[in-house]
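Please find one structure pasted underneath; my questions will follow.
Chains: A, B, C and D, in written order; residue numbering restarts at 1 for each.
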Amino acid sequence: MTDAEVEARGRDILSRQPFSKSLGVDIVSMGVGRTALRMPIHEGLTQHLGMVHGGVIATLADMALAFTGGPVMGDGAVTQEFKINYLRPGVGDALLARGEVVASGRNQAVVRADVFVIAEGTEKLCASAQGTIMRAAR
Amino acid sequence: MTDAEVEARGRDILSRQPFSKSLGVDIVSMGVGRTALRMPIHEGLTQHLGMVHGGVIATLADMALAFTGGPVMGDGAVTQEFKINYLRPGVGDALLARGEVVASGRNQAVVRADVFVIAEGTEKLCASAQGTIMRAAR
Amino acid sequence: MTDAEVEARGRDILSRQPFSKSLGVDIVSMGVGRTALRMPIHEGLTQHLGMVHGGVIATLADMALAFTGGPVMGDGAVTQEFKINYLRPGVGDALLARGEVVASGRNQAVVRADVFVIAEGTEKLCASAQGTIMRAAR
Amino acid sequence: MTDAEVEARGRDILSRQPFSKSLGVDIVSMGVGRTALRMPIHEGLTQHLGMVHGGVIATLADMALAFTGGPVMGDGAVTQEFKINYLRPGVGDALLARGEVVASGRNQAVVRADVFVIAEGTEKLCASAQGTIMRAAR
């Protein structure tokens, strides 16, 4: 696949994901082995301390992992597992996640993703994740 | 804290979490070092293959970890990091997460949480997580 | 496989692992979906603070994961990934690791393992791990 | 600390780690927030399939994480937790681990480390890790 095909396929998948759409996740750019996703922050995404809920950050990280690793292996990839470290409270205007393939084979891809919080025009690292994307046909 | 105090505090925190409430997360029971949370499944929580979005499952796991580990350390605990393995597609009527403290100290608690999918009255293991909850005042 | 066959196979594999043997790892018991391993502590396994080196604890956890998950899937299983939380310094007479299958399929098993340190006859939890064992024929 | 001070301190710590020394771990270079470690491969480090034991790779990854994250926080840092994905069998002449700080605060540093296997003069990625290093004075 070319970068353009990867992005077109990503946009099609995203358009059929009710949960991601309800969060306002948007594709900034995609290519072979890399993804950038964006999600605006609003009060509905917060927890009791006023920060973005950790589950929202984990969701965006999971999506960046899957959207990055999936195209490397073809249709029907799913997240097998991942790990996330929270580094900074999610307080600001938007979240930006960037995924990058570490290694890939026929049946699995190992991917890293960083989630940044954008506040007053500045990106700050908010969380870092690493995980495995596998072909869905298991 | 007694089990009853832990649960009362958990219900208070949950009532002030806009994101968790929008997901329909409910506390089944809480006590010192243990939590059970429930979330009904509906189409708005799914991804493009019709399963519950992995981010939703991660959110419930994260909440079970934090609601389990937090009360052990007092107010203001947050998830520092966690890892999750997805075991089975989230297809059914509801998700149920159970958290259990593995070990705890003054500043951190290590917790495990399992997420089950309930379909036709049967619980099946859907995902397993392990992570660290830390005091927020860092 | 019966429990006895699982243990016999485990003992055979261990006898052909130069590194594990040099660490003094021994099988306490094995069965379908469970393993207990033991390793005596001595100065050669420590780091600069006098505690067992984290890599030794990770090695024993990794072995407990693989020896537990492998037999569920047949020959040639390897660790695909794992996560470990260190809970207490490894100071004492021996390490004991117990693994237990969380879920397994044809090609992968998700396993948890706890590593205990034995000091003055008492077991104390030293580290907790969770990971994925996969069939080696990839 | 300067890069030179970080490396001098790393060499001093390594010289007092019986286990690391028995593995033949050597410091290639260290600086503020980065480490490169090397370990020759020999039969004594293998498992039953002739590859380097996963525990050895985990040990080198753990060391790269701790030697990278520790100097950022001062004396007495220990690994709190980490996660590792195995990507390729450890077969070759040596292992090389490179660690890099992702984020650091007063009490913890989140670090990534990649372990490469060197065979016939070529480096190939063998495992990727991510973890948390914390101040030891807990």
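One rule holds for everything that comes next: contacts are C-beta pairs under 8 Å (C-beta built on N, C-alpha and C of every residue); 3 or more make two chains touch, one makes a residue touch a chain.
Just so it is clear, the structure is predicted and the values come from calculations on it, not from any experiment.
More contacting C-beta pairs link the chains of C-D than the other of the two pairs A-C and C-D. Of all chains, the one whose Cα centroid sits at the greatest distance from that of chain A is C.
Chain geometry summary: the mean Cα position of chain A and that of chain C are 33 Å apart.
Remark: chain C and chain D have CA centroids separated by 21 Å (rounded to whole angstrom). Among the residues of chain C, those in touch with two or more other chains are 80-81, 83, 85, 132. By the touch rule above, chain A contacts chain B in their complex via residues 13, 16-20, 22, 43-49, 52-56, 58-60, 62-63, 66, 76, 78-86, 136. Interface of chain D with chain A (complex): residues 83, 85, 87-88, 102-103, 110, 112, 114, 125, 128, 130, 132.
The part of chain C that touches chain A in the complex is made up of residues 80-81, 83, 105-108, 132, 138.
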